[in-house]
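In the part that follows, the structures are each spelled out as structure tokens.
Each of the next two complexes has chain A plus one more chain, namely chain B in the first and chain C in the second.
And now, the complex of A and B:
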């Protein structure tokens, strides 16, 4: 049970090569279920309405503008998360004292729901850019730390002892022994971290922002126009699939290529 | 989620315990306690320096936590939230185990369910919360359905992994010796699956807990999320932090308890950790 459940799905898709048939059937079933929901309850708008609204948002310029604003915040927060998370993770993985001191705090941070960060940052920083960026940072950080610590601890102790015996400097050990081991699992960590941080971003923009994808979806929700809200849900889903399949998959293979050489 | 596992990864365990046997390292409880105390003190200093009602100190928050616990509010709202999660979990088990079983036995169904399960497991909590509120209104149904939907992928994927772990040679032997399907299920599948189902429950629980609370933030009459929302609307940061602290403590305790139970129950199985 080492592979997290959510990452196992795309791996299965690749390994078994189930082909387009099963995936097409799945997509068709999802849309059919949606249409059924739309017919059964008058609260759920139909697929056609939702796509039409999405096209209208695009024609309006709202789609790209809000997405760009949100991506800026997201990338800034994630960059901070990665730098701080990898540094803390390597320190905790290498030093027993640091690990003992910080593990419980990391577990507590992991257990805190993203919504609390979104609400607190809204109160602290108001409706500025700091609210979403800090929420992204805090929501993503513990996932990076936990995974990097695991990766560093999985480095064989013999390798490090040998490096020491041959007088390899600390910087060299970091560069040639620890960095390659951590690279692969950082991608896995980033996957989780992105899911959590993206959720945090949406919530922070929902509660404390006047721009961005979260704000825009709230705009439609407040207007009681659920087709607008669902149009943005489509954007969220496409973003998730894009990140997972198109960006992280190849990056992960590149980062772990050295293992199969 | 895997990341919450209370046990160390198996690769690190023997090395670590051997090292500890040779030279007893620093006590975990002591060092961690000092670190937490240091964090609390720096929080206190920070709150003193900022001196603003939006950054309350740990003393105020601690007092509020005690107040909530003594007044019984904590018990009532946590019981309400946990009850909804358990109801949702029951539904997730009923739906997730057959899906996982089908996925373990059929390559086509694995491909078929992959995408829906990926979506269910990764949809932002915001989408679930709004879905629960819009479709089911304010009440218990929304959080129950939402926690069921969130935990189905964890149950299903772990069950499918368990079915795949069943030894094919054993299955063939059962067939050769004319065992009935009931016997195969009882003696082959059930022992193989229980461990995986338990793991699925553990990871799913951590996920469901958060999304359920978020759904309560958006619309509920009671529960932890609802209390956080109420404190937020009253600009009561002390209350928000107090409820969050209780939430985190409860979640860590449940997680530890499940981890402990898992190790006890499946101590006979060396392949699980």
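And now, the complex of A and C:
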């Protein structure tokens, strides 16, 4: 027997957690604010005009091509960020000397806005793939380091001693004790890192690229076509919300499921 | 046959100013074969430090500790004051985690879980168990590695009287079945008398004050007349020691 629709909806919400609800609420509030602004004056195009422009960009092949280029750069930069950030975070979390030597530098990097990295990398590397990739790396790195340091320092020492008393190998301790202990904080680190890095990517492509989401946004900005510009901002924002709420949110909940038992 | 050989063991800690404090002072002790030895002593007499050194968790300042099983190093199991279970792993995964010999570990795990009365809880996470159940898992985990030497550090001290009495009975039953070499640290004389073949009394300053042989039939109950009489006698000696 099929459950009535009235009971299916809450069941769906329960199954998918609050993620779907949060995404829906976030998107709805963005669109509502947008429509209000469009109605208030003639400087903001309507949502319908913007979506129509986005459809035109898609028909033109620009949407997928530029999005794919940006994703390519973003994934490469984020992979570097995660590898270097986790290694540095673990070293700083376990060595007092490393922590003393690198904490202030990390905090300074954390305080630097993504636009600084975008401008610097444009001056260093000019127009090319290196500029956005290095910007993603630099904008995301401090968030990963700070959270991994915290996570490593929070690894329960008594569980490490227990493992040692039973003669458990270092590899097994890393896999079954340290990794699960730091998983929650690491996913949180990735969430913050992605926001900052994606922001950096847009700016780096704006200033120092001839392709990608950021470059295409600038194209419409330079043409003084607000609907084109906002169409790409929409892509930028929706991507962030979807990745955060639909992928990373559930991953974080799964990694910390044992806490809520 | 397994053995723990401790020779002229000294352990000195240094405070922040570099001042030394000797917590174990020339301990000589040999525990061999199927023997259950308890180490009792007042707070600060170095009981837990002694056990940590024997297990290799802590280093020694001088002397030697050898854990042997025939012509090889002994395999060690450890039961801690708190259960020290991985909160993100199930009971069975916790037991599997400490196995060095993977062959047949699941059978052993089920066997010892059954002996501590928790055969049905292998799929639960630690947070879904009571404190007493978690400690029983800790005991099952330690026995499941089939250790030559089992070290126990006040495993019942955080539990209420009823639970700890029940766990003592579980422990004695498992030990009678498995007959490991056990070194058991406790501040509870009742516990020591009920479980031990020998009681090593440590004095403040980390010296051995005396070693008492407990020659009573097993299984023992705290209410047995002979057990109660010996408890009273050891307690009286212990109180004298604490007053010094």
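Methods note: the second predicted complex is superposed on the first by the 210 of 261 C-alpha atoms of A that agree within 3 Å, B and C clash if a C-alpha of one lies under 4 Å from a C-alpha of the other, contacts with A are read in each partner's own complex, and residues count from 1 in each chain.
One rule holds in what follows: contacts are C-beta pairs under 8 Å (C-beta built on N, C-alpha and C of every residue); 3 or more make two chains touch, one makes a residue touch a chain.
The model shown is predicted, which means the values in this text are computed figures rather than measured ones.
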item: Touched partner set for A:101, first chain B, second chain C, both or neither; value: first
item: Greater chain A contact set [chain C / chain B]; value: B
item: Touching partner for A:148 - first (chain B), second (chain C), both, neither; value: neither
item: Partner chain(s) touched by A:203 [first = chain B, second = chain C, both, neither]; value: first
item: First (chain B), second (chain C), both or neither touched by A:63; value: neither
item: First (chain B), second (chain C), both or neither touched by A:159; value: second
item: Chain B versus chain C as contact partner of A:177, first or second or both or neither; value: second
item: First (chain B), second (chain C), both or neither touched by A:25; value: first
item: Interface residues, chain B side, partner chain A - complex; value: 1-4, 9, 11-12, 15, 25-26, 28, 31-32, 34-36, 39, 54-55, 107-119, 121-127, 130, 134-135, 153-154, 157-158, 161, 196, 199-200, 203, 206, 210, 213-214, 217, 225, 228, 232, 235, 237, 240-241, 244, 247-248, 251-252, 255, 272-273
item: For the chain C and chain A complex, residues of the former touching the latter; value: 55-57, 75-78, 80, 82, 84, 86-89, 93, 97-98, 100, 125, 127-128, 145, 151
item: Contact set on chain A toward chain B in their complex; value: 1-6, 8-10, 12-13, 16, 18-19, 21-23, 25-27, 29-30, 41, 43-44, 96-97, 100-105, 107-108, 110-116, 119-120, 123-124, 142-143, 146-147, 150, 153-154, 157, 192, 195, 198-199, 202-203, 206, 214, 217, 221, 226, 229, 233, 236-237, 240-241, 244
item: For the chain A and chain C complex, residues of the former touching the latter; value: 158-159, 161-168, 172, 176-177, 180-181, 258-259, 261
